[in-house]
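Pasting the structures in now, so scroll down.
In what follows, subunit A forms one complex with subunit B and a second complex with subunit C.
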Partner chain A sequence: MKLPLDAGGMTDRDGNSKTQGTGETGSAGAAGWHVFLILYTCLILFPIAFAVSNSFKTSSDAYNTILELIPRRPTLDGYRQVFAKLPFVRIALNTFLIAASVTACKTLTSLLAAYSFVFFQYRGKKVLYFLMLITMFVPFTVTMIPNYLLITQMGLRDNIWGVALPQMADVLGIFLLRQAMRGIPKSLIEAAKLDNIPDLKIMKDIIMPLVRPAVISTGIIFFINSWNEYVWPVLILKSVEHYTLPLALQMYISAEGGTDFPLAMAVSVLTMLIPLVLYLIFQKYIISIFAMTGVKG
Partner chain B sequence: MADQKKQSVLGYVFLIPSLAAFCVFMFYPLFYTVYLSFFDWNMIQPQKKFVGFQNYVILLRAPNTWKILGNTFWYIVILLILNWALPYLVSFVLSFVVGRMRGFYKSALFLPSIISLVVGSILYTWILNPVSGPVAILLKPLGIRLPFWTKTDGWVIAGLCIITTWKTFGYNLIVLLAGISGVSPEVIEAARLDNVPLRRIFFDIVVPMSSATGIYVFIITIVQGLQYVFTPIKVITQGGPNYASSNLIYMSYHNAFTLFKTGTASAASVLTMLLFVILLLLEFRFVERGVYYEN
Partner chain C sequence: MKNLTLEHVHKEYGKTTVIEDLSMEIREGERLILLGPSGCGKSTLLRMIAGLEPVTGGTIRMGDRIVNHVPAGKRNVSMVFQNYAIYPHMTVRKNITYGLKVSHLDSAVIERRLDEVLDMLRLTEYADRKPKDLSGGQRQRVALARAVVKQADYFLLDEPLSNLDAQLRMHSRKELVKIHEKYHPTMIYVTHDQVEAMTVGQRIALMNAGSIEMLDTPGNIYHFPANVFCARFIGSPPMNIIEKVPYNRESLVIGTSRVYLPEEWRAEVVDQHPDSTYTIGIRPEHLKLIRTGLGEWERQDQDADPEGENASSRIRGQVRYIENYGNQAAVYVRPEGLAQDLVVMENSRPPREGELVSLKIDFRNFHLFSPEDGKSLGWPAACIREVSEAVMEIGGPDEYPAQHEYVQHEDISEDSAVSGLFPGSRGRRSLPAFSRPGL
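Moving on to the complex of A and B:
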């Protein structure tokens, strides 16, 4: 589809302008853009519907009626096979334990660092903040060999804690929570300090209630990212019972597809289930906090 | 005065947990990788052999390296079109052209960002399967045949970029929307009253006034995109056919964990890092100093 950027091209194409007024900032061409956006949205959402639909089909229906989104004979066979062929509960638990501990650690270290950057004055503060920010530009290939060797030396290879350990701090969290805390009046904290309230108590009783939405959304982002993580776990985890969900799913990929189609779709659905539920509940938070990551400050 | 000192010490103390983690798992590895790039080693030998710049020479003389650098260039070009130019345009349309259903589009287009790229990879290998996939079946009556894209030079890069775009488009869109929201609606309204075509409003008003965010997204599209695309490469093609889908990032991984050549792997990583540093400098040159500054 050609994308006409000027209104003239659009009216030529459509010959009419049905959808106008009511809330549309610009009227001319809006209808054409709605058509484009709806098609694009369907294209983006199709793979998810495709996975859900085929995960409930029998093996032969999945191959023969691949285009039909509603299964003719809905079945849980795909899901039964997941539990029969994989130590699925164990794999889901591994994924959860890694994601939960990484989220807890990153949130805590980010809160402390953000508090330090916003409410303390000390030498080298700007340099330290800058050093942390540029870690966003370090490709993972630069750290993977030394970290792999380090985790191996510590005897944590093929161990879920070997996956979690190098991820105790995250510049994204420091950045986002720093942004949130900068909105708090400094005088409020100074008054508390004059009253000799210890800093940890200030954080817990004054800061936390004020930045709770930012903390929750940062935590959700950490959790989802860790849940989906592939590159680092694939280097560290070797045996199936230590796998995380994306690693288990990877076993069902080949360039030609594979034989266990409904099973592969069932594992896909189970892998995206938790992030999808979190997204449906917290989407406003998640979108608004992601929007902040592009803001300089 | 003593209190002041106590305060600054406490400031450092609060920073220690994250700083320690960064030092051990980020800064030390960075220097160690640079160090390893000057040695011949395979992760197992007790002795590392110092070879100076030889790893870099070997790397730059290997014919595959130039093919892979070429691939990296094409990855960048396609990702910039799909993941920077397209979301830039869509964010403009969502901000100033369509009014209704804006929230719906935003939530729906962002949704794949929270799904694992391994899920995306497996879904697309089925959806784009050139024989039995739904796209192939739909196109067959029209006489269009899908190429065997996982096995064909060129197409393989396009296919892997499409998968990556599925995940990253929404994030870039959200960031660009935030950037464009800084453009004052009055200016756009005035331009529209003067019948300025949308194309010119986009290129002459919106893009310059949101250029800081635009450049930021341009750079992260390259920096993050080359790393994101690693996942579909690894699970679908393993860099094949014959290195046609490998990029700088996959080359490092392949040398380190398939060929166990830590020296050339590290040299490739250092070169990647240099590329990213150049991009970082561009960011400072244009964004931090500010050509047009949207705030």
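Moving on to the complex of A and C:
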């Protein structure tokens, strides 16, 4: 945004303004955009503020002053009830184990597949890649039933590994990491090959440090997606001690679960806490994946 | 044995043939340059030698071993890439030693080699810097150091100086020669820059469209080009080539000027290849510009009689354009009756544009090519002797240890792709091998 002092623009020797017109238009345009973006951000942030605020209210306050963002009588009752009524630590641990294992496996498989797609030469590579990309457009509902039957056959129903197993590879990860690796000059790999360095070592010593931002950001995306996943866990997990956080949340916000609002909001806040912390730590990497231009010398 | 033999090597990408039936032998410990225009297949050839590109057909032999299917890492090859390919996340030290450490070389040996190469390439003070903190020249030296430290038998360089400015390039050329003289690997150097080729190479393989046009010493390629392509490619400004020059009554008709061909050229070259037209080649520095007054030119003009008996050794023309290089000037002269300019190098004060001049051909440095296939028709023995001696004098006898070695063209096997490409090979005439002076 231009400062008001600058709005007059530069003047030449004859006193004629050179940039006045464009300066004012530019400032007004930028200001307009900023107002719009601030309003939009508030709109996006409101549900979060709403959840945080109501989690600190008493039940009656939550009903009577549901839209007030500052609780009249702040209380931690909602949070106390979470720990009293639910095996919360167990549920959080389940969620973490699933998200962490899914993230680790997806990242590893994506790295290996992307490396092969970028640096190996083999017949049918393009067709294979194309076929893999197509699976991105297959809706989850299509694979849901076969996966459910398979997991049941394997005896992994109501088991957190039954949730994690079908998610060990991800085309999106392969796509994103392939894009990142394509930015690495092939000659770096060739130089290593001339030194007789095995592919896994090239991957570890050369590729990984260069695509670290992309790996971290795709990892975060995988983690958050898995953390928030609802449909697949609800199909597989039956007992509360095997639940994940979104399932626990569902117990309190659905028609069956009753309407203990502060409790539901406390579970919501706790559910989003870990992804939020992760996001704050790694936000520069997450932004970088959207502006991925490859490796810079 | 560190020699390298290519036998009928062939390379195709899908339906596109990049290299077709190429054979040559690279001698142990020599500096061979693969020179040619962009897209002629020289980098592909180097990459095939390195093992980075599969060979479609033919054999690559390193010493006695056929290496077609030997992976790059097991060929005992080090390579400097055009973009240097240094690892951006590693320090200079780590870049240089990474390959050695992975090969489990003794750490004391690694340290000794590292110190030696850092010192030789003046990188000691930058050892702990990362590539992003280095200049272009320093990065190039890191790439060089990484290749040198390996002490491989074969040292391959793919246009290693093309990203450097002119001054650094000159310096790096000397550095490369010094490195070669220290370790004596078999060095194969790809470039499209003729100056690099001439100054670094002991032999040059001049490539065009996937095949070798000529394989010889820089001196021979310059003074005795095998064909029109070689003649044009080497030399700046390039050789003046005039195609389809009529030959009759012992003289060449260049535009309206009739130039008398000396006796030895007629007897030793033209009579062996009788024809009505020839393609002729004269380097700009082998044309002498004679500044004549208008009257003189007019008097000569009266003698202009392409069909008649009057012939001189001069070409009449008018100055069209002058390129001043500071120490000398390239004068573009349009000969009378010809649709192309001839370039002449002039050391003294150049003439003015529009001035009428005469050009005198130095027939000791003259070239006749077949009008059909552009191959050289050879040179009179006296010319070869004189030019060879003159070239040796420039270098000084001490700097030309191989000055009395003569390359016998019979040495080249008949099935070799390069046989028959040598100038004068039709007459089985031997040419001197001009080795380059140490830089």
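The rule is simple: the second predicted complex is superposed on the first by the 245 of 297 C-alpha atoms of A that agree within 3 Å, B and C clash if a C-alpha of one lies under 4 Å from a C-alpha of the other, contacts with A are read in each partner's own complex, and residues count from 1 in each chain.
By our rule, a residue touches a chain if its C-beta (ideal position, glycine included) is under 8 Å from a C-beta of that chain, and two chains touch if they have at least 3 such contacts.
Predicted, not measured: the structure shown is a model, and the values here were computed from it.
Novice: Would you check which partner chain A:Asn228 touches, where first means subunit B only, second means subunit C only, and both and neither mean what they say?
Specialist: first
Novice: With both structures fitted on chain A, tell me whether subunit B or subunit C touches more of subunit A's residues.
Specialist: B
Novice: For A:Pro246, is the partner it touches subunit B (first), subunit C (second), both, or none of the two (neither)?
Specialist: first
Novice: For A:Gly155, select first, second, both or neither according to whether it touches subunit B, subunit C, the two together, or no partner.
Specialist: neither
Novice: With both complexes superposed on chain A, which partner does A:Glu190 reach: first (subunit B), second (subunit C), both or neither?
Specialist: A:Glu190 contacts subunit C only, not subunit B.
Novice: Could you pull out which residues of subunit A sit against subunit B in one structure and against subunit C in the other?
Specialist: 295-296
Novice: Under the stated contact criterion, what part of subunit A meets subunit B in this complex?
Specialist: Within the complex, subunit A touches subunit B at residues 3, 5-8, 19, 22-26, 29-30, 33-34, 37, 40-41, 44-48, 50-51, 54, 63, 66-67, 108-110, 112-113, 115-117, 120-123, 125, 128, 131-132, 134-147, 149-150, 165-169, 174, 199, 224, 227-228, 230-231, 234-235, 245-247, 249-250, 252-257, 261, 264, 268, 271-272, 275-276, 278-279, 283, 286-287, 290-296.
Novice: So in the complex, the part of subunit C that touches subunit A is made up of which residues?
Specialist: Per the touch definition, subunit C meets subunit A at residues 50-52, 71-74, 77-79, 81-83, 85-89, 98-99, 102-103, 131-132, 146, 150.
Novice: Inside the complex, what are the residues of subunit A that reach subunit C?
Specialist: On the subunit A side, the touching residues are 185, 187-188, 190-197, 201, 205-206, 209-210, 295-297.
Novice: Could you pull out which subunit B residues touch subunit A in their complex?
Specialist: Within the complex, subunit B contacts subunit A at residues 7-15, 17-19, 21-22, 24-30, 32-33, 36, 43, 89-90, 93-101, 104-127, 129, 132-134, 137-138, 150-151, 166, 169-171, 174-179, 185, 188, 192, 197-200, 202, 212-213, 216-217, 223, 226-227, 230-231, 234-237, 248-249, 252-253, 256-257, 262, 265-266, 268-270, 272-273, 276-277, 279-280, 287-288, 295.
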